[in-house]
Amino acid sequence: MSRFIFSFGIFFLIWLGFTSSFHYQEVIVGAFLSLILAFLSYKSFTERGLFYLNPKRLFYIIKYLAVFTIALVKANFDVARRVINPKLPINPGIVTYHTSLKSDTAKMFLANSITLTPGTLTVDVIDDKLYIHWIDVISEDPETIYNEIGKDFEEILKEIFR
Amino acid sequence: MIYIYAAFIILAVFFAVLRGLLGPTTSDRVVALDNLTTISTAGLVLLGFVFQRFIYIDVSLIYGVLSFVGVLTIARYLEGGL
Amino acid sequence: MIYYITSILLVLIGMYAVLVKKNLIKIVIGLSIVDNGIHLLLIAIGYVKNGTAPIFSKAGLQPNQMVDPVPQALVLTAIVIGLAVTAVALSLIIRLYDHHKTLNINKIRKLKW
Amino acid sequence: MSWLMIIVVVLSVVLIIAALFAVYQKDLLLAVIGTSAVSVVLSVLFYILQAPDVALTEAAIGVALTTIIFVITIKKTKRFEE
Amino acid sequence: MSPVHFIAVPLFAAFLIPLIGKVSKELVKIIPGIVLLYLSYLSISLFPIGVNRPIVEIIAGFNPPFGITLYYGPIAAFLTTLITLVGFVIWLYSYKFIIREPTEKYYMLFMMLITGSTGIVLTGDIFNLFVFFEITSIAAYSLTAFLRDRDGAEAAFKYLLIGSFASTFFLLAIAIIYANIHTLNLADIASKIKDIPLTTRLFILILIIIGLGIESEMFPLNGWAPDAYSQAPSPVGAVFGGIVVKAAIYSLMRIIFLMFHTADVLHFLVVMGVITLLIAEMSAMKQQQIKRMLAFSSIGQMGLVIIAFGVGTEPSVRAAMFQMFNHALIKSLLFFAAGYLVFHSGSKKISALDGLGHDKPITSFFFAFGALAIIGLPPFSGFWSKLYILLSVADAGLMVPVVLILISSIIEAVYYLRVVSRLYFYKEEATDVRRTPVSGLVAMGILTVVILIVGFYPNLILHWMTPAANDLLDKAAYIKFGLFH
Amino acid sequence: MILNILGNVLITIGVIFLFLGALGIFRMPDVYSRMQAGTKATTLGALSTVIGVGILQPEWFWKTLLIAIFIAISNPISSHALARGSHKIGIKPFMKKEGLDSYENVSIEEEK
Amino acid sequence: MRKVIAILLLIIIGYYSIDTILKIPFGEGVKGVGKHYLESTIKETGAVNSVTAIVVSYRGFDTLGEVTVLFLAATGLGAILYDKKGKKRSLQNASLIVKTSSKIIYPLIALLGAYVFVHGHLTPGGGFQGGAIIATGVLLMFISYRSFETNHKALSIIESLAGMTFVTIGFAGLIYGTSFLQNILPFGIPGELFSAGIIPLIYVAVGFKVGAELTALLDNLLKTIK
């Protein structure tokens, strides 16, 4: 039930975003469509439902967004640096990253975040191992990899999906 | 202002197309295509702003969604899925 | 003007592919390029300088600043028809490939071409 | 020449290049990527020609569906032209 | 009671069939028959009205040239009647002939083919014509490839290639027309066509002749036809010969007479018709397969019709219409008979038909009957139409075509009689014990009876041809009715 | 006024990064590095352009935000799928030192 | 040889078409039928989007034909690729990221499709585009999950019912109005969601139909024959 309400809410919000209008007809049709869609797909859409709306989790979600944005901007300046000056030392390679996250959604967010942060690109996720293409492999030590690549995200995501 | 935007976008399209033409492997070209669609998505929003029509934004939205599926299909083909 | 020339060039490139290429899928690609060229031509015909889309979504839009909606409606129909034809053609290709194990038009010569 | 005109010229050139690429490429998958690029650029051109309806349709059908059915067919048959 | 039923009802049936298919497979087979029966009834009851005064049916409540109109004039009345009747007979024949799965899809495609053909005949809007053309052709492509054990896919691909090329040209022509005179209604275009510069008009004419000529099997554009006819299931061959080509040729002639009615164009048509006729008959002579032979013969007959239209006088157009009517019936009969002959002999070759006349007397009789009718021997109906065409062409002073038509008739007689003689005068032990189903025989019987009746009383049909011919020739009336109803 | 400047600045940044992304895929040495440059720079570029437009035109904001969110989700995914695909068809990453490819011997496990 | 002939042919075609087309004035005001449509769209159909008004109302018959063409393509594909032995998709596993994300994105794409076809008379888009978007969403699931199956029976029932709805709306116009496909509902206030008479109804039917058809088409194409 909580999953159903959660998906309905998300769909409805997105509908409002699509129409950008609070005209009563739009709202009615939107609610109706969201209801049908939520009924059809709530099982696959979300694993946990309303669980994400816990204030503590909301706080972490906001924190996650902030960290993510900063990382994205940093990553871009990194890219800019490399693009403008391709002579910079690089040492590309694919490394294994062990994650302790359990939920699939969490892993997906972690992988996407890693892709968008400086110098890394997720190639595959198998069980709890992420294979990451790293443009400048500093070391192959799992501890260093963990700290360098995904520590910030993983800690926050752990809180969100706990 | 608009000239600067246009210049940058044209240059971006130029390099993406160049990579698409040169790209030694298939993946390179698909990356170029993906890039081209992303540039177009942003460019369409900008153009919509220039034309001052709100409804044009819809096109951009759908563009983003569908080109994503297209690229994903090609990627799945490459990895032997599909 | 540039639209007209571009569209005709597209049509010609597509027709070249259809007439010269031996590969079945290439031929269908050529057909779809020809279609695209004609669609561009139609839309360019309907364009009006400094016009805007024929959608009265906000106040103050006058019909005389709008581009011609008719070619757009025609192109919508034509695009869908093009998709249908492409789909049928590709399914035929799949069947031909199952039968002959080749996509080369010269090797599928049970019937005279 | 206004900035829009320059963009249109660039896009037209890209369009022709992509079409030629699609026709001349021996690898059918790349040819399909070429047609996809043709559709992408074409849809931007439709947008500039103030036809959002058509641009949307081209995005939905040209960029996504046509590409996808071509890719599926290639998967079912053969990727390289003899 | 309005002409829109001709399009909407079969379409509704096509949409309905999958639903019915969930309930009963047998019902799926019956529904097209019911629909076609209703349409035949409708066409016969609307016929006298349409002949007296064209019915212009407005779609969606917008007056022409803004909305789409259906123009149900004498010629359209005649052709819809022909299409629905032939369609009904073809359904009757298919009832037992199409046993291969997926039958449901066969009937859906068949219904949509009928929709498309009637649409081509009825519509009064050039882009709508294009849409119906596409419906017809896509249905035809799929039906050509319907049987899996033949080279149907190859023939269908060839057909599709040529067909899409044609439709591209047609679309280009529509684009140019719209760009110049900003209208799509046929009557409106006809009244404004003079505003287009001459060279542009010429280019449009060429595009349209290529675009529509392909479906009407005009000479350099008919490469698809023999393969498609021979690889498709027999009833589908009958559909092509009896329905699709007729609709296509009508639309071509309608556009030419409305927009480009000049002496030069008509002469060009005569020349094309003669070339089509001669080449087709020569090729038919050489064929080893019976259905390919029928296909070439069909192309030849279309050449004859094009010549008659090209002469452009009232008697010649009348004769052309009559010939179209005869050809639709006789060619369907021939395809039906050939279908079962091929089925019984187990081979598509003409040489495999030896002695079937003794083994399968009824089917063979129908084939022989059709062959004699299409050659144009009295008292069959084919005789009259050929005679009228010859007379009208001679009246117009075109002696060379007359001679060539006569020569081609002799060629035609030779190759048809060759098949008939093989059927009856060669002895061979036949072992096939399968019977021709009753529904097939009934279908052939109906056609035979109609051919005989028309053969004895040609005025029965010819009487209605005069308004039809006038309808085609009288551009002013078309514009008047089409625009201001 | 401030919104106006902010929006224009965002768009400018976005456009520059779009350009840099394209330049990146042009100049980088191998597919994976190109993907990295392409994904990151175009994602930020598109995000910032789109949001910039949303700020300039306040009633468009929600829709542009949706586009931005969608781009942020979909871009890395397609990039990842492409990287995986490239590796599967045997495109080796450019490496200075041998043996840094820990993904080399991992095969796709079958779906249960 | 074939190349030379083709190029010669193309040069001829190209010359004449360029010659013809360059005579067409570019960008000079709307004339003829188009002008009338622009001036009277709101008055005569109640739709804000003239293109939609033309597609569904003025030239609604074309749209019926268009729907038929797509239906025909789906049917024809089914007939051409028919196989008695039943068919199965062969898919390798997608990666976890793709799987998880397509689960999340798929309903959103469906919602977007629904948005597009419900708002056909107000914004760009309409039934075809909406249907195509929904089918693309389903395709996303097809390529991510090997076990994802659509209910064929339901699809074909949706297809049939939607098609019949379209024709029935047409006949309703014939019975309660004066002509086939005529608008028999009130126009409402232009710009609102519930306006423009039968246009939204037709577009919803078309959307469902196109979505179901394209899904069936893709499904048919994805399944191997062996």
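Lettered A, B, C, D, E, F and G in written order, each chain numbered from 1.
Here is the rule we go by: contacts are C-beta pairs under 8 Å (C-beta built on N, C-alpha and C of every residue); 3 or more make two chains touch, one makes a residue touch a chain.
Computed from a predicted structure; not experimentally measured.
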(request) Please identify each chain that touches chain B as well as chain E. (result) C, G
(message) If I rank E-G and A-F by number of C-beta contact pairs, which comes first?
(response) E-G
(message) Centre to centre, using CA atoms, which chain is the farthest one from chain F?
(response) E
(request) Please compute the C-alpha centroid of chain B, do the same for chain G, then give the distance between them in whole Å. (result) 24
(request) Round to the nearest whole Å and give the separation of the Cα centres of chain A and chain G. (result) 34
(request) Give, as an integer number of Å, the spacing between the C-alpha centres of chain D and chain B. (result) 11
(request) Name the residues of chain E that each touch 2 or more other chains. (result) 127, 131, 134, 138, 141-142, 145, 148, 153, 156, 172, 179, 182, 184
(request) At least two other chains touched by the same residue of chain B: list those residues. (result) 9, 13-14, 26, 30, 51, 53-56, 58-59, 61-62, 65-66, 69, 72-73, 76-77, 79-80, 82
(message) Two or more other chains touching the same residue: where does that happen in chain A?
(response) 14, 18, 20, 111-112, 122, 124, 126
(request) Within their complex, state which residues of chain G touch chain F. (result) 91-95, 97-98, 101, 104-105, 108, 146-147
(request) Enumerate the contact residues on chain F facing chain A in the complex. (result) 17, 20-21, 23-24, 27-30, 32-33, 35-37, 39-41, 43-44, 47, 59-60, 62-63, 65-66, 72-73, 76-77, 79-80, 83-84, 87, 93-97, 100-104, 106, 109
(message) Quick check on the complex: what are the chain F residues that touch chain B?
(response) 8, 11-12, 14-16, 18-19, 21-23, 25-26, 31, 34-35, 38, 42-43, 45-46, 49-50, 53, 56-57, 59-60, 63-64, 66-67, 70-71, 74-75, 77-79, 81-82, 84-86, 88-89, 91, 108
(message) If we count contacts the way the header does, which residues on chain A are in touch with chain F in the complex?
(response) 14, 16-18, 20, 72-73, 75-76, 78-80, 82-84, 86, 90-96, 111-112, 115-116, 118-124, 126, 131, 133, 135, 137, 140
(request) Under the touch definition given earlier, write down the residues of chain A that touch chain G in their complex. (result) 7, 11, 14-15, 18-19, 23, 25-26, 29, 33-34, 37-38, 40-41, 44-46, 104-105, 107-108, 111-112, 122, 124-126
